[in-house]
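Common to both upcoming complexes is chain A, partnered first by chain B, then by chain C.
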Partner chain A sequence: MPVDWLVKTMQSRGLEVFTQSFSRTLPFPDENKERYMVHGTNVYGILRAPRAPRTEALVLSAPCSPGNSNNQAVGLLLGLAQYFRGQIFWAKDIIFLVNEHDLIGMQAWLEGYHHTNTTGMNWSPLQGRGGSIQAALSLELSSDVITSLDLVLEGLNGQLPNLDLANLFYAFCQKIGVLCTIQGKLQRNDWDSAAGYSQALQTMLLMVLKQASGRPWGDHGLFLRYHIEAASIHGINSFRQYKTDLTTIGKLLEGMFRKLNNLLERLHQSYFFYLLPSLSRFVSIGYYMPAFSLLAAILLLRALDLWVQLGSVVQGMEDGGVEEEEQVRAALVSPTIMVHKVITPDRAMYIAPIFIHRCVCVCVCVCVCIYIYIYIYIYIYIYIYI
Partner chain B sequence: MGAGRCVAAVVAIVLVCGLSCASAAANEREEKHGSVPDADDVQRGRSDAEIGPGEPEVVAGTLPPPAKDQFKEELVVKPLLSGDIYSSFQFQTRWDADFFVPGKKVSHYRLFPKSMGQLMSKFSVRELHVSFTQGFWRTMQWGQPYLPAPPGAELWVWFQDTVTDVDGAWKELTNVLSGIFCASLNFIDSTNTVQPTASFKPLGVGNVTDQRFLRYTVLPREIVCTENLTPWKKLLPCGSKAGLAVLMKSEKLFHSSFLSLAVHIRPICQDSDCKVTAWEMRQTVNVVFDLHTTGQGKREWSLFKMFSRTLTEACPLASSSKVYVDVTDNPQGELFELNPAAPSLAQAVVLGDRRHYAVYDLMAPGTFGSLRTLNILLRWKTPDTADMLRPLLHGERYVAGYGLQTGEIHTLLYNNHPYRAFPALLLETVPWYLRLYIHTLTVSSKDHENKPSYIHYQPSKDRLRPHLLEMLIQLPPNSVTEVTVQFERALLKWTEYTPDPNHGFYVGSSVISALVPSVVAMDTNNTKDRPLFGTFFPCKEESSYFVRVYTEPLLVNLPTPDFSMPYNVICLTCTVVAVGYGSLYNLLTRTFQVEEPSPGLVKRLANMIRYLRGVPLL
Partner chain C sequence: MAFKRFISLIITLFFCILLYLQPVLCSNIEAKASQFFSSGHTNNWAVLVCTSRFWFNYRHVANTLSVYRSVKRLGIPDSHIVLMLADDMACNHRNPKPATVFSHKNMELNVYGDDVEVDYRGYEVTVENFLRVLTGRLPPSTPRSKRLLSDDRSNILIYLTGHGGNGFLKFQDSEEISNVELADAFEQMWQKRRRGAPFCRYNELLFIIDTCQGASMYERFYSPNLMALASSQVGEDSLSHQPDLAIGVHLMDRYTFYLLEFLEDIHPASQATMKDLFKVCPKSQCASTPGHRTDLFQRDPGTVLITDFFGSVRKVEITKETINLTTPIVHEDHDPSRPAEEAPETQTYVDQLSVTEIIHQKPKRKDWHPPDGFILGLWTLILLVFFKTYGVKHLKHIF
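On to the complex of A and B.
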């Protein structure tokens, strides 16, 4: 990565530039280069806000990937830096970050910024900070003209940013007139037809699969753990006639940053758990969680079934030649009456093990069910509030 | 009867003439005494306070001379290495009066503003320092300021030792100041006021050192706006109509990277013997204009570009009115060009460095030229910049950790001197809702533990007072000292949250005060005639100068409850009660009645006609 050139260019645009070097020992050799040790440098420039004393910050990052995979994003980043520097309305410091080795560099920077050490990486301490980070955007652009912009939300462990960030992106896409996609699929205007429904279903299932994989699908995914709302924007250049140039993307990003600058509080008003069948519709946790709880309710039903059968076992052992329907009727009648019946000692020796076994099954099922509910509740609580 | 009226009229006319002659004579004498600023006025030392309330004041020919007061104004323009430009205005009003002679009240105010004078005498204030700042001073890019100030509002006051109830006086004083400056200083209460023991020693003369009479507070959330600038300008003798204050127009002043308004009142020595004290009030404005936002990237600065005004005249009430331009980096004019050419040059030792200034005296006749305006223009010739003297002391602060439960405050102190170590005093005020664990306090320099030689810690009391931590740390040369302390975030009661709890809660700036070794010998003679900007902090020894550095304020998020829950609970309980009670009531009290079958068509028609007629129905 051209560290010196980046430092000089950012300084000439009036930013305060700092670098951070990091290194990490990988547990397995990585696929391209068969190496175990990764060294790198992150370069970031801070635009100090005229209106506020370094209390809050926004981050715009572009990963410096090898080869041609992200070769235009840094150019757009520097152009935006120069434009933003001349404005007086910034109330949050803007950090322009270029990180090396994608996720490893981003994690090193975040750990250095928050001074934590969760992954055992070696990093040099950061010299310049901008206060607490409120939101972050990660840019990936491989060509200087694009046909559409793709929004990537899924982060580490399937965590998602606040839905307001996705709404912000879509609102600006519509305002500026840029085509935007999610999961690589374009938005259509006939969602109520069969084809529309199937596309919505595919989009939603893709999102579920991506979240289930647990890995972050963009550099933004690592910010979410620190309670920083972040999203990734990929520029896609496909075979279409109408192309959008970098200036328009710059306008879109400037609009998003101005909106984030005007925020008084952190984004917390909208949902943190949702599924997007398209950019204009969402399924919130209140809708998809009951489906999952119905699955868990099967265990409850099984437990009830076993409990009811307890009574029929006792009844069956009591009078040996009772008929089928009487057995069923007895099973349907409240088993508590059966349990309270007197059982003679010699028969108890046969009944007791089955009885205990059935009781244990009931208890286990009920406990597992309660455990699943509590676990889901705590998981949600932790992700929202911490 | 007519004769009586004539006599009365004549007597009235004589009396009126006599009175007007006497007052004219008194005015003449006043003017004569007031406009001659020479040394024997100082020795006379009489003041208005010696006129008792009972004596008749208008006696022609025996009026005592009014107290000697003097007003000086000064502007320093300093180009900074980053391309920005720093302007510092200082307005000093000096008054040889005594507010605290028992039994005598000061009642004649001329240059000294009456609102501040009455405040001093009512609350028995020895020293008052209040500042309102927008933005953060970037020490590494801009060097040290002439007058440091933290972001937000800062107020610290030394009371006289005759005050019995300091807390009561403090509360009233903050409310009065809040009214004078139109600022929300009424948010100052015991939860953000501390009594530092070592950091804020008096800047004026005197030897009061009992910290029971000192109160210090900082409000980091306070915003500065035109409403604070207007009453500030009203305290000046010439207002904003003449002199240097005409440059203070809000639309340009607030279009800057840093703006600080301050008022400092303190007692100073009248002369080098220091037998009698005089009162000094300094009003200062420090403003930094940014190269990219105000300057549009072009490195050319002028008074008109910065303030959209030029100077037209000096304040007639001022005894001295000067503009200094720092030309130390430009000895032969090779870096930038100064227009109009400097009429005179001066040297001063400021902040440990010898600086050269071009001086424009606004009271000299030739300064304003034929157009009767003065617009000082600096135009850079080359894009190269000179080397900056690296600031020797610098501080930073941030919150480490993530989550809403715990965190760690890290304060970094940088000593950039290559071979000298010096001690620095760190003052941290942390609000009560961040519960500090002082047993986790660590101070380390260069990975070794660095034990402070003096620690004063006052623990917080919930909802009553904040944490106060003061430490004297020896900073090794060319090193970074890190002070860390862990804290836990408290859950507030649901009525104590602000309307925007997810914005976060502010922690005020830390203060680092130090005597930094100086490259050049400092001047310790405080009463010599020196430019105002170098004389704010008293200089006691030649080899070091006093520096105060403020760190940035912090914004921490506290765990917030779900504020919609009271509404949800109310809705749910009301629904349950209504449905449950309603249905139960219906079950218990509803009776059933037999209803007549509906009448035939004829009967219905008849009923309709009867209804229309108003006759009882069938």
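On to the complex of A and C.
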């Protein structure tokens, strides 16, 4: 990565430029070069807000990958930096970040910015800082004309930014007239037909699978753990008649940043847990979590069934003549008390494995069910309130 | 000799008659003078409050500042205006045009200007401070610019804007004032006359409110001499007028926008009455229905001038006689049917500002002047040359 050239260019644009070097020992060797250690440098420039105190910041990042995979994003970033420098309505500092080695560099930068060290990387401390980050956008552009922009939301461990960020982006794309896709699929007009329904279903399932994989699908995914709303914008150049150039994309990003600049608090009004069958529709957690809870309730029902059977197994081994209501009452009483009642040794050899097996099944079912419920509860509340 | 004595007798008789008649003439002037002093109010105050913070409530600050400029233009001085703005929009970090607050799109009219004096700013605009200003219960260290020093001959204009609901108005995103509190504050202002304090705090009061469901705020008034106007009825929302695309926020609310347009046509000698003010912003222009309440007001609204509340008009009457004011003037009972300014003539004011043209884009009316010396000389030259060339005989065709 051309670190010196980037430093010089950003400085000539009027930003405060700093670098951070990092290194990480990979747990597995890289398939190309069999190397175990990754070294890199992040370069970032801070555009200070002309009149505001340095309490809040926004981040625009572009990963610098070798080859042709992301060769236009840094150029757009530098162009935007020059344009933003001439405006006076910024109320937050804007940090233009170019990170090396994609996620590794981004993680090093975030850890350095927030003074945490969760992955055990070595990184040099950050010389310049900009206040608490309110929102971040990550750019990936491979060509200088694009036909559509893909919005990538899924982050680390399946975490998602606030739905308001996605709505904001989509509404603004519509206003400017740029095509916007999600999961690579465009919006349709006919959601009621079978083809429309199947596309919506496919989009939603793709999102579920991407979240389930647990890995972040863009550089933005690492911001979400620090409660910074972030999304990745991926430029796609496919075979379509109408192509938009980088100036329009620049206008779009400027508009997005202006909207984020006008925010007074972090985005928190909309959902954090949702599934998107399309960009204009969402399924919130209030809809999909009860379905999953009902699946987990099956285990409870199974546990109850086994419990009742335990009671009736022991009863069946006693001598006959026991009344029906006694049997029912006996089934409700704890089986362990009943075990100490009359069971002859030879019968015990026969019942014991089945009995133990059923006890264990009950315990496992109940424990798993409770574990799932508690996990859902903690997951939701920790991610919302941190 | 006898003739001289006769003349001197006539003169002394004349002077005796004059002396005799003098008291009669004097009492006529005194009657006129007492009439002059017994009419309504002698001073005007204004309390203008914007209650909401944050950049997206730009329009509330612009509302208040536009009423401020109208009131100031019509003559109320800064010492008699208490201006309370809950946030600083002109110097907000997000303002792309710093030190300005615009009320018309395309940045036509900057209501912030050079000489705005804000008395309560930022976090000082609270319900407690507002009620203390109205009732006068301020700590002794409060400077004069933050006090409402009105007396029982003051007409007060109170203008409130912000976010409101049914029966309340929100201050600063954290507290509310209810309509009952407001009505009680006005009653305190009225009651002070009877409590042993020498003056009650207002003669007549005009209350204007531009919020959602504003009519609910004046439902509970019960003190006399109050007139109230609101931008919307209970259950309706007051809407904003137009966004400016360069600044990015809505600049004004509709009711105050049309109120500003109406007030820009008022000059200090205008005879427009409250009935015209009630017609400002009908439902076709504002999406809400403005309301008003006049049952507590003792005069007929058709006889009340706008400048009684919005301006500070000094009544001037020129007299050439001397008036002996040794006996106290007895206030006559105020006759509600008689119009308030009967006796004095007011001077007319020069049309001071050209802001009306900015808003309405009317062309300036130019008076006709007779042609001046140059034109006359030119025409004389032309005529002379004509007659010289073609002879004097053509003169008969002209005359």
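Assume the second predicted complex is superposed on the first by the 326 of 386 C-alpha atoms of A that agree within 3 Å, B and C clash if a C-alpha of one lies under 4 Å from a C-alpha of the other, contacts with A are read in each partner's own complex, and residues count from 1 in each chain.
We adopt the following convention: a residue touches a chain if its C-beta (ideal position, glycine included) is under 8 Å from a C-beta of that chain, and two chains touch if they have at least 3 such contacts.
Note that the structure is a prediction, hence the values are computed from the model and not measured.
Novice: Just chain B (first), just chain C (second), both, or neither: which does A:Asn262 touch?
Specialist: So A:Asn262 only meets chain C here.
Novice: Of chain B and chain C, which one touches more of chain A's residues?
Specialist: More residues of chain A are touched by B.
Novice: By the touch definition at the top of the document, which applies to A:Glu16: first (chain B), second (chain C), both, or neither?
Specialist: A:Glu16 contacts chain B only, not chain C.
Novice: If you stack the two complexes on chain A, which partner ends up touching A:Gln87: first (chain B), second (chain C), both, or neither?
Specialist: both
Novice: With both complexes overlaid on chain A, does A:Phe172 touch chain B (first), chain C (second), both or neither?
Specialist: A:Phe172: touches no partner chain.
Novice: Quick check for you: in the superposed arrangement, does A:Arg51 touch first (chain B), second (chain C), both or neither?
Specialist: A:Arg51: touches chain B and chain C.
Novice: Examine A:Ser132 and indicate which partner it touches, taking first as chain B and second as chain C; both and neither are also allowed.
Specialist: Touch partner of A:Ser132: chain B, not chain C.
Novice: Determine, under the contact definition given at the top, whether A:His115 touches first (chain B), second (chain C), both, or neither.
Specialist: first
Novice: What is the contact status of A:Arg225 with respect to chain B (first) and chain C (second): first, second, both, or neither?
Specialist: first
Novice: So which positions on chain A get touched by both chain B and chain C?
Specialist: The answer is residues 51-52, 87-88, 264 of chain A.
Novice: Would you pull the chain A residues touching chain C in the complex into a rising list?
Specialist: By the definition above, chain A touches chain C via 49, 51-52, 87-91, 258, 261-262, 264.
Novice: Could you list, by residue number, the parts of chain A that touch chain B in their complex?
Specialist: 14, 16, 48, 50-56, 85-88, 114-116, 129, 131-132, 225-227, 264-266, 268, 385-386
Novice: Taking the touch rule as given, give the residues of chain C at its contact with chain A in the complex, in rising order.
Specialist: For chain C paired with chain A, touching residues are 54-56, 91-96, 98, 248.
Novice: Please name which positions on chain B make contact with chain A in the complex.
Specialist: Within the complex, chain B touches chain A at residues 134-136, 138, 141, 151-152, 220, 255-257, 290-293, 296-297, 396, 398-405, 408, 410, 500-504, 506, 552-557, 559.
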